[in-house]
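The structure is given below, and queries will be raised subsequently.
Chain nomenclature is as follows: A, B, C, D and E, assigned in order of appearance, with residue numbering initiated at 1 for each chain independently.
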Amino acid sequence: MIQFIIRRILQTIPVLIGVSILVFSMMHLVPGDPAQVIAGEGAPQEQIENIRERLGLNDPLPTQYLNYVTSAVQGDLGTSMRSGRDVSAEIGARFWVTVELAIYSTILAVFLGLIAGIISATRKYTAIDTTIMIVALFGLSMPNFWLGLMLIQWFAIGIDLPSWVPFFNNTAWFSPSGWGSFSQIVLPVITLGTGSAAIIARMTRSSMLDVIGSDYIRTARAKGVKEQIVIYRHALKNALIPIVTVVGLQFGGLLGGAVLTESVFAVNGMGKLIIDSIQARDFPVVQGTVLVASLLFILVNLIVDVAYRFLNKRIDLD
Amino acid sequence: SEPDEGGNSDSDGEGTSEEAAEGGELVIANQSDVVSMDPAGSNDTPSSNVQANIFETLVTLDENMELQPGLATEWEAVEDNVWEFKLRDDVTFHDGSEFNAEVVKANIERILDEDVASQRYFLYEMVEDIEVVDDYTVRFTTEYPFAPFPAHIAHNGGGMTSLEVIEADYEAMENGEEPGSYINENPIGTGFFKFDSWNSGSEVRLVKNEDYWGEPAHLDSVVFKVVSEANTRVAELETGDSHIIDPLGPSNMAQVENSEGIHVAPQESVSVSYIGFNVEKEPFDDPNVRQAINMAIDKSQIIDGIYEGVGIPAVGPLAPAVYGYDEDAPGLEYDLEEAKQLLADAGYEDGFSTTLWTNDTQERIDAATNVQAQLQELNIDVEVEVLEWGTYLERTAQGDHDMFVLGWSTVTGDADYGLYPLFHSENIGEPGNRSFLQDEELDEMLEAARREGDEETRLQLYSDIQAKLTELAPMLYLHHQEFLLGVNDNVQGLTQSPTGILQLHDVSLNQ
Amino acid sequence: MNNQKVLLKVDDLKQYFPIKGGFFGRTVNHVKAVDDISFEVYEGETLSIVGESGCGKSTTGRAVLRLDEPTDGKVEFDGTNILELNKKEMNKFRKDMQIIFQDPYASINPRHTVRQILTEAMEIQNAVPKHERNDRVKELMETVGLGAHQIDRHPHEFSGGQRQRIGIARALSVDPKLIIADEAVSALDVSIQAQVINLLKKLQREFKLTYLFISHDLGVVRHISDRIIVMYLGKVVEIADKKSLFTNNMHPYTKALLSAIPSTDLEAKKERITLKGDVPSPIDPPEGCRFHTRCPFATDICRTKVPELRNTEGMKDGHRAACHHMEAIRSGEHQPTVNA
Amino acid sequence: MTGAPNPSYDNILEIKNLQTSFFTKDLEVKAVDGVSFNIPKGKVLGVVGESGSGKSITSLSILRLIEEPGKIKGGEILFKGENLLDKSEAQMRKIRGNEISMIFQEPMTSLNPTFTVGQQISESFRIHEGLGKKEAKKKSIEMLKLVGIPSPEKRINQYPFELSGGMRQRVMIAIALACNPDLLIADEPTTALDVTIQAQILDLMKELQEKLDMGILLITHDLGVVAETCDYVAVMYCGKVVEFTDKKTLFTEPKHPYTVGLMQSVPQHDQDVDGDLAVIRGSVPSPADMPQGCRFAPRCPFATDLCRNKLPDLETDEEGNQIRCWIYSDEWDGDPEVNVHEQSKSTS
Amino acid sequence: MSRSNEHIEKPEIAVKQPNPRLKSWKSVFNKLKKNKSAVVGGILIILLIIIALIGPYLTPYDPLYDQDVTNKLATPSSDHWFGTDNFGRDIFSRVIQGTGLTLMIGFFSILLGATAGVFLGIIAGYYGKRIDSIIMRFMDILLAFPSILLALTIVTVLGGSMVNVVIAVAVSSVPIFARIVRGSTLSVKKLEYIDAMRALGASDSRIIFKHILPNITSPIIVQATLSIATAILSAAGLSFLGLGAQPPTPEWGAMLSDGRNYLYNAPHVALFPGLAIVVAVLAFNMLGDGLRDAFDPKTRE
């Protein structure tokens, strides 16, 4: 097990090299000159040239790449071209925010998705099943910003309902922006978690259906086990195996897909940093964030594989 | 609530301060984060908005775009190309160090330093020499006579940083750090607010400078926080989490107006939005075509449709607030018949097909879409293409475009900066002239105007230039934007300059 | 028997499956599924392999067909060592060697109709010219006792026995010489099993087929085989003609195996030899005789020395067994230890 | 002991006219169609029959574990004299695993791959005897010892895939026997195992059965197993019991032509048979077109018009054996001298 | 080698047979017809296709250039069933006009992404070992990669056409399909019928495409139908890069995004294109569920 983990960690090295080469070449391939973005409108030619020189953009590409990798290996991700700030510091400040956001959303998505999926599966082809499917597909078709803004309208600004409506007539319960306190976390987590919840629900449904038909579920029933326990203990643990893959994929997606949610709720996370720095052609920040995101993603995949093994001791990791 | 016009008019804060409560923390929600705390290390409004409170300039521009004394008490052109500034002698920096002529020299020289490669270089590129006459007198020699120099000195880029941090910054540069890295962390100026903290991407906090040389600010502290989504900023304002939101999108105006306790504060600006023609490409090489398009567009549709009626139609590139603007300058009125005629004269009575580029700003896309629809009338078949910002800048600088939507803000408030970078042939491409206009006569006029010391003559020159630009029509001038702020009714004494900078010195909060 | 033509000759065949581990996925150990076995199959005969589950029967069959690449050894088919052939040459040879699998459902693509299944087999080997394929499919269906009207049905529309016939028809469709039947009748109901066995025998008579018949059902084996190999944990422990094996078996494992078969004869009183313990792991099989951990007759020599396959007194020609004590057991000199 | 057990005898289980159907989209599959038999206390009843004849469905019906779209349509299942079909789901849960246990055919898939063996055995103790974690574990270890698994303390923490097929089946037996059931249903418990392991398991089951005085319902298609373990045998064909006798009668003089055919098609391991095996020609009718008379008529060498048109009843003969065949009735319209054994051999 | 190989290629077919492939398609279709959800989904899709084909000729207003600023953001009425947008354009006409384009983007990007992902996943799963590691690590890279950078590169290299937005969206969905397919391939390739084909001497490509692929369609269909929603939304998300529908093309995702500015005072601007997306996604998912059952030969006709 430990060997497996160590091996996978070693395997990340080529992946990271691949990622860095890819990002590096793509960033240089696409038009857009960081010097010009920095200098802005109306800057004279010679000055743009100065900036270029200062940023080392006039060196040949392989040199630039090697310089980057050499210092990256030593833990120095460079400084932002735009602000001159340390890339590691820029990422560091945002890293945990994004990770937290992704983790909470995943927890929510798993929770909602599992419950919906299980209910769907145990009441196959009933009205409830169909309703859940339609709700799930709504969730899937609803862009994050839309849901986010709606939630802000409802639960941060509050909507005016007649006063006789109990409970919901003053719904300004949560904060519209920022990250940290409970009231700030709730809305972005719901926004981000919904899409994944929909996918997990669909996946749980089909996976549960496979498991519920299997022999060992019948064995459990033949033992006199209560139906709830049959479903939530015996069936679910087995059904989780394919679900875990999806959760892993979703979690990875959340890291990147958080951009819209982050900007709607003014959450200062990595997603926004990536977009902003791509648009500013801030090469070091882009490279740094993509590397960190990849690392995180690989880590998540590793956790997924370990979780597999935990759920089903039979899966041979090697 | 009604828009609070009063907040804008009684600008010289002195009067209102008696009844205003002291202290409190003002929260401002901005669209973007500060790029850098170093006045030489950024060139964007959010950065300037923060820096303007920490760093002061020798001369300042008031909300009417008039020059007022700042750290300098007086200034004059001692020669054609030599400007002398007399400095205050009672000013100290936040770190206790003294403000004097040496500091001014070091600051401006730093901007001109090739190694620093400052984004504010364009402001002082004409400076040849800086001479410390005495402790409180400094002289700038320019390469050529440069009339708008005080306006350039008034720009935020000329904010004064403590000499000690400049030296520390150079030291850091020698150790391989990026320029500005030290100043960024230690922004030491002379302003009425001091730097407290900066949580990158999230918020900047400033606290009151108790030892300010002038009258200290009313507020205890100011927080500039980043809320990039327009709708969320409105929510911030509605919930009271922020006192000011900057900017407020036109489409959100109704919402703010309909809510209690908050209002919209508009401010005319020095910017223009325009659609540029690539005059090197057919059919835009023909001034008739360019004029025809100018006349075929009903600008009020754009202002009403996209900006909810906020802003004024542009006649030329200069906004009314800009020094040198001529309100009598001739323009091309909306006249579809005339436009058709002109087009026919140019041999395009059946129209033509072309492309219109825009970046991804929603308003620009919308403007492009509207122009596209309006040009249908002339049988001009326009294809709108949206380009990502970085790509857009590079490709328009290369002249790959036919038409493009862009804007320009005359940040110095002087016509020179509103015209020279956009239309002088020397600035073709990247520096700003993306119409690729090359007109010798215009070049000469632009050069003459910037060298002219006499105000009358200079204003006349700019009138001529504006007339000439109407005739050349290298652009379709769309409109002059109005800045919109969403402001909590508790905020008193707030003004915004036409360059977009919030004036916070006199602001107080009713608790 | 020995003057018959040898169709398949297996020499020192080894099949080790690697177990990966370590930091770089090195091979840290092997499953020694088949460990050094040799045998011959004569043309037109049925040779059966029997033995406990997991002893390497299927692996042997798969190795002979190169469905898994054997670790070591030689497999000569019709005089050619097929292990030396490249993929293309091997694919040509596959026409002559076919396999019928245990699970009649799993071994047929559930999405294809019988026609598709059979036509495809002919198409791959080009065994039958295109325009004759349809007739040939019908002919095959008749041969295995399925009606031509069932030709466009999917496998799930057939009963287990019928499905197994589809598998047989597919094997026959390329006119093979050798058919390996890997537990081809184990999954079937007795009444259907009987039909399939009869069919296999009939086909053998008609087409001179050679069978390598893998099974653990000794009743079936006794019915169909000419000769029988008994395997235990990757090794051949006894090889003999059918008669010798059932009446004159020499190896203690063979004896235990035969005694464990439940009999329908209510009168017959018999001594069942119940083996203790489980089959050891093929990853590190016991030293010496692999059966010694469960053998009631095991002595010290069994624990250290690997017994050779040999023929001794009282055994028919070609009957060989691998036990140190077979003479002594036979004469009754050597008695089982108590807790057997 | 000859003849089928008398229904009035002290029976642990009595099934009367059980009917279970599956309602698929376009037709009703009568998987179990009027099955009746009974098991005396402490005896072993073997159920044999063609694949698909309804053996497993009968056993699942007893435990009321039939799933959608299946439904028990009628009949009675008297367990200790009480009709299980009248019990509530909660009452059934008390009976399942406690008074009636079941061993399923496939040991690998019948054990939950994600729980340890120990967890799966103790669950029964915890449900039915309300034991705590520790005690349940202790008892589980005892159970494993009882079914002959060496070093049960270690095995208890292993997962099913870590055990061999034989061990898994023993774990299944341990689960089934955990609460000393009065009736054990074993659905082809040894089909997946090879003969040496099968022998071990059958020995074990018999030993425990004698020790605990259980009734066993043993489903198998291996007649050898029947011969070695059962007291009585029910032969099923197409959802119906066609013959229900004591073991001896079944092996010495089977009566129903289907039973006869079945016996004859078993290849013998203890004698050489040359030539072909006897087979029952034809195949099982599909549920879509069930013959209207005797279900076996289309394959029966003796079938007459009577057989083809009218379904025979399950009749008890003078020895107490039950048989569902026209040949043994007074209405028989065929050759009165027919010898089922000889004739069927010759037709094969 | 009893039969000679001499007359291999004789094109004529002796007996006229009903095409077996046709028959199997017919059977799939018959099963589909019996599946309620598939029928509803299928009808919806056909309806959408009809709208896409003839709708643009029947729209009450010009969906592209008919701007009427004086009547902007009008709420739904009998004149404008879905109301108007910020230029006063008729949203109903725009939704209709956008049907074809939106469906094509959603459908083709998933088709392309799934095709590539399935191919890579099958290869990785079938061959295993090093090929597997390389492909899957490459997929890891792709998954971890910011899609905007990918899209930006695609615009740069290929330009900003409609086809390229499909490519951009497709590329980011490739790794998801690859992963799912690889997993299924690993289990299917162990089945005995794959061995049977190898024993017959079948080539790898025959085994992969004729025997493995058809048996792993169910997870692919589920994933594909679910992905269509994501594809439509992410295509819209890319339009600001110049990829995808350029204004004033009424692509639903883009319309939905445009509506964000008016969520407060004119929510209908975003509502209707949003609903249109939901309907399309629902249709594909229902048909997908049905298809999955129909491709399963075990379900009765």
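Couple of notes before you dig in:
FYI, a residue touches a chain if its C-beta (ideal position, glycine included) is under 8 Å from a C-beta of that chain, and two chains touch if they have at least 3 such contacts.
These are the chains along with the protein names UniProt gives them: A = Glutathione transport system permease protein GsiC; C = Oligopeptide transport ATP-binding protein OppF; D = Oligopeptide transport ATP-binding protein OppD; E = Glutathione transport system permease protein GsiD.
All of these numbers come straight from a predicted model, not from anything done at the bench.
The minimum number of touch steps separating chain B from chain D is 2. When the interfaces A-E and A-B are ranked by how many C-beta pairs touch across them, A-B comes first. Averaging Cα coordinates per chain places chain A and chain D 54 Å apart. Separation between the centroids of chain C and chain D, computed from CA atoms only, is 31 Å.
Separating the CA-averaged centres of chain B and chain E is a span of 47 Å.
Residue positions 152, 155-156, 260, 263-264 of chain E are each in touch with at least two other chains. Across the interface of their complex, chain B is touched by residues 64-67, 69, 72, 86-88, 152, 155-156, 160, 239-242, 246-248, 258, 260-265 of chain E.
Looking at the complex, you find that chain E touches chain C at residues 1-3, 5, 7-15, 17, 20, 23-24, 191-193, 195-203, 206, 210-211, 214-215, 295, 297-298. Within the complex formed with chain A, the chain E residues making contact are 133, 137-138, 140-141, 143-150, 152-153, 155-157, 176, 179-180, 183, 222, 226, 229-230, 232-233, 236-237, 253, 256-257, 260, 263-264, 270, 274, 277-278, 281-282, 285.
Interface residues of chain D, counted against chain C in their complex, comprise 50-52, 150, 164-167, 193-200, 202-203, 221-228, 247-248, 251-252, 261-263, 265-270, 272-273, 276-280, 283-284. For chain D in complex with chain A, the residues that touch the partner chain are 60, 63, 65, 92-98, 101-102, 104, 106, 109-115, 123-124, 127-128, 159, 161-162, 172, 175.
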